[in-house]
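In the part that follows, the structures are each spelled out as structure tokens.
The following pair of complexes shares a single chain, chain A, combined with chain B in the former and chain C in the latter.
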Partner chain A sequence: MDFIFMQLAGFGGAMVDLVVDPLTYVYLISSVFLGIAFGALPGLTATLAVTILTGFFSNKIPLDYSLIALLGAYVGAIYGGSYPSILLNIPGTAASAATAMDGYPLAKAGRGGEALGLTTTASFIGTVIGTFALLIFVWVLLLVSKNIASPEKALLALFGILLSGTLMSEDLVIKGWIAGLVGLAMAMVGLDPLLSEPRYTFGWSYLMSGFQVVPVLMGAFAVPQIIEGLRHVQAGQLTEFSDRIIPRMSAIKKYLPTIGRSGLIGTGVGALPGVGEDVAGWVSYGVGKTVSKNGKKFGKGSLEGLLSSETANNACIGGALIPLLVLGIPGSPPAAALMGAFKINNVIPGPTIDPEIILRVVAILVLASLTMFIMGLFTARIFIKILRIPQTVFLPIVMVLTTIGSFSVGGGINDLYLMLGVGFVAYFMNLLKYPIAPLVIGVILGGLFDETFRRSLLISDGDMSVFISRPGAAILVTLNVALILSQLPATKRTFKWMKGRLV
Partner chain B sequence: MNDEEDLAVLRTRDFWSAIALLLGSIFFLWKTSSIPLFGENRAGVSGADWYNSAALVPLGIFGGMFILAACLLIISIRAGGASTALSKVGIGWSGPEALRFTTIIVVLAGYIIGLVPRVDFILCSALLITALIFGYRGGHAPRMVLAAISVSIPACFAFFVNLPREKWNATNDDWLTLAVWAVFTLFVLTQSKNDRTTKLIPVLSVLAPTILVCAMAFGFRQNVPNRGGLIFSQIEYQYYVTIKPLWSR
Partner chain C sequence: MKLTLNKIAVAAMVVGLGTAATAQEYPYRDITTAVVWGAGGGTDTINRMIMAEMEKHLPVSINVINQTGGVAGSNGLVYVENQPDDGYTLVGLSESNVTAAVQGGWDKKFDYWYPFIVGGSPDLISVPANSPYNTLEELVDAAKAAPGTIPAAASGAGSIHHLNLLAIEQGAGATFKFVPYKGSAPGQEAAIAGEVALVVTSLAEQAALIEGGQLKPLAMLTPETAEIAGATIPSAFSVYDGLDKYLPLKQAIGFAIHNSASDDIKAKLGAAFEEAIASDTVADWASANNYDVGGQYGEEAQALFSTLESTFAYTLKDLGATTVDPMSLGITKP
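Here is the complex of A and B:
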């Protein structure tokens, strides 16, 4: 129990530091506003918001302020995605896809204000649930992570890439794994971390230092979105509403169990490496539909359905930061962009991270969710106006933002060539239904995997049993093998046969 | 297209992507063979053991990619991807979509490769914004082609005339870009009698990059592309000579 009080005290201290600093509010309000606007504009995503701000803020202002800007945009964008889902039936972000199922029918029934108000409240509570889970579990995990050495780190990185590839694949799982391997391969470019042996540089000195994270992130997330979005889309009919946005206490009380359950599900899904807010939203929606007495009404304008997905996708933020901060493995694509920002600031997320940073992150998340809550309730009509901007107008400006952001981090034209190249590859990968998140996670974790895998073998003089002789490593090897085996057709057939026999 | 047709198209694309991945992984496996694996001598210095070699992880990655690509190839062939591989329907790309994609590629490549390194950032971004908004609003094919041409003319000029780095500061390409942007903007305005958004393009195209580049250069004090560009060099001069002394004294 002591550790909870210790954490809460630390959190209180971090919160006071933030609250008394006037600059906090400047960054917080502007980043949350920008995040909600990004989320609300169909065609722009939370990942893109965090990626673009990483290019802008990560190495230009102190880490504390850049964290406020990035986390504020993250929280705002995940919430902002609910606006077009509810009012246009177009999910603003992938995370809000499940929201449209019930949000739009509610808006069509003239209950758009009620839906927006409750969504705002649920998103706020969801973020707070995820944040406090981060505060508590991070401490427990930090204790465990003291026993994490090179073999465990290598296996964890591999598990993160494999799991992300498995869960993020829309089509065949094999495509997710290939995407992860492409990311890992990209991370191999440059001087190797142990022997400084040049790899795949093709005599180009720029490649000696490897691929930079920010241009890769910009290329992977922004360029395909710009190419895909520059097409004629018939503007959706904005559903008008006249009911009040500020929710009634009785309604909040009524749906509190749904919000609580969805918050926990979102946090849990977010904690899985590489699995994003969209999966959290759908899992929570599915669970809600199964356990709710009114499950049959889901998809026909059920507030319970709406809150199931919206609470979970915001709760996922705190969850996604748990593996990022404790293990150095991003829990979601926007968290991968955040990891890029940490790296640029020479902060290495993982077992050696300064616990003070975690406390500051928690305090920032609470403030960001509060800002989002206030803005969502009182300035919603501004964001509704933003929905009317066609994507062919804002995407060219995003391209300029991406270019200057990518250039300014490394300060070189070569970064722009890299961004463009990665962007074209990512566009074709999207077209072929290869998920992009495992690729980015592969790029980010590739160096760590290479270094720790070979370091483990170096310590053991090439004895492969180093990966099974330690309990943690043995568990991780089992998880990795089980994950691969579970996707083999033979295993699937066996499970199906066994299920049939049991029935 | 229905779901079955979509899947057939996807498997055809998988067929081609699997072949590309197989060829890629073979190429990189061959490239990896040049990295010492078994502790060869390099310049008289003994390398590391196999388990510490820089080739170890890449071999695993490209070996794994080869196996997965082979699996994907088998899946796609079984699903009929090979039989429709060369048909237009199989590839699943319509003419208008191919035109849209190609023109965007021309615009973006022209902007990043030709213009940004050599031309004033405000000017080339203004041209990009004008071309993209005008070209892709409404989905008119002739507008897309016009957008691609308007960006590629100054981009090609800048790239071929000022190719070496020492010529990147030349302003002849800036003037050409400015002229193309001005003519193009006038044309856009003549086409937008009833369209409020199109009328906003000139303002948006100049204002957005100007604010961004100034924020980056003077707010965050970061490097920006082509500091010696036609417009930015003037802004920078006025900032340091006229504006900044107001509060620096």
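Here is the complex of A and C:
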């Protein structure tokens, strides 16, 4: 218990530091605004917002401030996605796809203002729930993680790649795994981490340092998104509304149980490696539909359904940062971009990370969600105007920004070729409905997997039993095997058959 | 004929530029320092500090940027190499860059540079807090009893810390099982997690963990002892004779200009560097962060880097981790 108080005191200190620094507000207000705008514009995602800011800020301003910008944009963008979901029936980000199910029917019924107001409140409460989970659980995990050695790290990395592949694919799970393995293979390029032997470099010295995270992120997330956005210009009909935005306390009170439940679900999904806000939204929506007394109304304009997904996707942010800060395993695609920012600043997330950074992240998240809340309630009409900007205008601008951002990280012109190459491949993967997120997670976790897997074997003199003799490793092996087996057609049939017998 | 005309034009431009440059005394515009390692790292921090001090003794400002990536920081080395040798572009570097050539990152011997050494942190050998070994002798005796089985972390293969580990192995006649890590922090974490039995990194990097009681320091790999957390860390030199044949191998962090720069530029930067190194800021910073101040520059620093270069190059060659034969670059055996 002491320790929770100690945490809260540390958080208070970090908060005061932020609040008294006037520069905080400059970064905070502009980044949250930018984030909401990015989220609100269909075709621009939270991942893209954080990635572009990583390219622009992370090596130019001190980490303390670039964190404000990145986290502010992250929180803003996840929330901003709800605008077009509700008003246009076009999800602004994948994270808000579930929001459109109930948000749009509400808007059509003339309750758009009410929907936006409640969504804003729920996003705020969700972010705060996720943030406090981060504050408490990061320490529990940090204590445990002191005992996490190479075998566990290798298995966790593999689990992250497989899990991301399983949950992020649209149709066939195997496609997600393939994308993850492609990423893993890309991570092999460069000087190998143990013996410094060049691998797959073809004598080109640029490749010796491997594929850099930021250009890969830019290529994978920005380029296909922009091409796709320009190919199919979505011109939704903006639904007008006239009711008030600022929600009534009674309504918030009524839905507090839903908000609380969705917040916890979102945080939990966020904490899973490589699974992001979109999955959090859908899972919470699904759970809400099953548990709620009014589950039948979901999809027909239910406020409960709307809040289920919108709370969860924001709560996911705090959750996603837990594995990132403790283990260096990003919990969601935007967190992968944050990881890039940490790397550029030589901060290595892990058991010996500076506790100040964690406290600062928590304080920033709380301030960012508050900023988002105030902006959402009082300047919502500005964001609705942004929805009217045609994609053909803003997407080319974003492409230019992406290019500059990618180049300015400092890797030279080759980074741009890498970005375009990855973007080209990612675009065709998108067309074939291969998910891109597992690929990026593969690139980031693949290096970790390669290094820790081989190091485990080096220490054990090639004895594979090191992966089952340690209790932590044994659990992780079981999880990995179960995950793979659960997706095999034979197992699926067996389960179906058993289910049939039971009923 | 066209070619000749072009040549004349180029020559005229060069002459023109030349006169323009001599007309104004160096330095008359801002200087840029490109650090080859990432922002927030040791080399970056040191360069930002020393440049801020040197600015006070120069009529211009110095901007610090980062040009990272490549092999052993080769991207940044190549970047500065391609800038004119007019003293307006410096490169912020460390001892780890001496392997860039033998690892195929670029094609120059290190005497291409005219280095300035700000300092470095001494290496030491530490064990986890709950380790059965309390002195260096106990650890070495255990290693002698079972050669090549005690796992030891020391950053990547061919890093300064790995070289220190090899040196203590040779000096004490023991063999450990070297386990490479990407950088010092993961190696130290592995020692705390009990994955390895000992870790060799610098005092600056271990300080917080020693003070927090997570690592137990056994011996400094320098002739001097060190004071930390109210205790004295003994020197390995007092335990094993003849260590001076292999050690100390110390970090050398600082910056450099093209060796082909004019004597006037070298003298002006040297004077500012001397003033900066003597300042209280540098002294305070060094004692607070467990660094030793260097202060060597020019030929003295070149000699130090040349020793480091040949030691690194041939160690890497023995490990089979070189892509270019050091001999072909004109690097002689240590």
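Criterion: the second predicted complex is superposed on the first by the 500 of 503 C-alpha atoms of A that agree within 3 Å, B and C clash if a C-alpha of one lies under 4 Å from a C-alpha of the other, contacts with A are read in each partner's own complex, and residues count from 1 in each chain.
In this text, a residue touches a chain if its C-beta (ideal position, glycine included) is under 8 Å from a C-beta of that chain, and two chains touch if they have at least 3 such contacts.
In this text, all values refer to a predicted model and were calculated from it rather than measured experimentally.
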*For the three-chain model obtained by superposing on chain A, do chain B and chain C clash or fit?*
fit
*Look at A:I348 in the shared chain and tell me whether it touches chain B only, chain C only, both, or neither; answer first, second, both or neither.*
second
*Any idea whether chain B or chain C touches more of chain A?*
B
*In the superposed arrangement, which partner chain does A:L458 touch: chain B (first), chain C (second), both, or neither?*
both
*In the superposed arrangement, which partner chain does A:R231 touch: chain B (first), chain C (second), both, or neither?*
first
*First (chain B), second (chain C), both or neither touched by A:S209*: second
*Examine A:E197 and indicate which partner it touches, taking first as chain B and second as chain C; both and neither are also allowed.*
both
_Just checking: does A:K146 make contact with chain B only, chain C only, both, or neither of them? Give me first, second, both or neither._
second
*Kindly classify A:I178 by the partners it touches after superposition: chain B alone (first), chain C alone (second), both, or neither?*
first
*With both structures superposed on the shared chain, find the angle between the C-alpha centres of chain B and chain C as seen from the C-alpha centre of chain A, to the nearest 10 degrees.*
70
*Minimum Cα separation, chain C to chain B, after superposition on A (Å)*: 5
_chain B/chain C common contact set on chain A_ = 194-195, 197, 411, 458
*So in the complex, which bits of chain A are touching chain B?*
56, 60-61, 171-172, 174-175, 177-178, 181-182, 184-185, 188, 192, 194-195, 197, 199-200, 223, 226-227, 230-232, 390, 392-393, 395-397, 399-401, 403-404, 407-408, 411, 413, 416-417, 419-420, 423-424, 428, 431-434, 449-450, 453-454, 457-458, 461-462
*Quick one: which bits of chain A touch chain C in the complex? Just the residue numbers, please.*
59, 63, 146-150, 191, 193-198, 203, 205-206, 208-209, 212, 343-348, 350-352, 410-412, 451, 455, 458-459
*Okay, in this complex, where on chain C does chain A touch?*
37-41, 44, 65-71, 74-75, 79, 103-106, 151, 156-158, 177, 179-183, 185-186, 188-190, 192-196, 208-209, 316, 319-321, 323
*Which of the residues in chain B come into contact with chain A in the complex?*
10, 13-14, 17, 21, 28, 31-32, 35-36, 47-54, 56-58, 61-62, 64-65, 68-69, 71-72, 75, 100-101, 104-105, 108-109, 111-113, 116-117, 121, 125, 128-129, 132-133, 136-139, 197, 200, 204, 208-209, 212-213, 216, 220-225
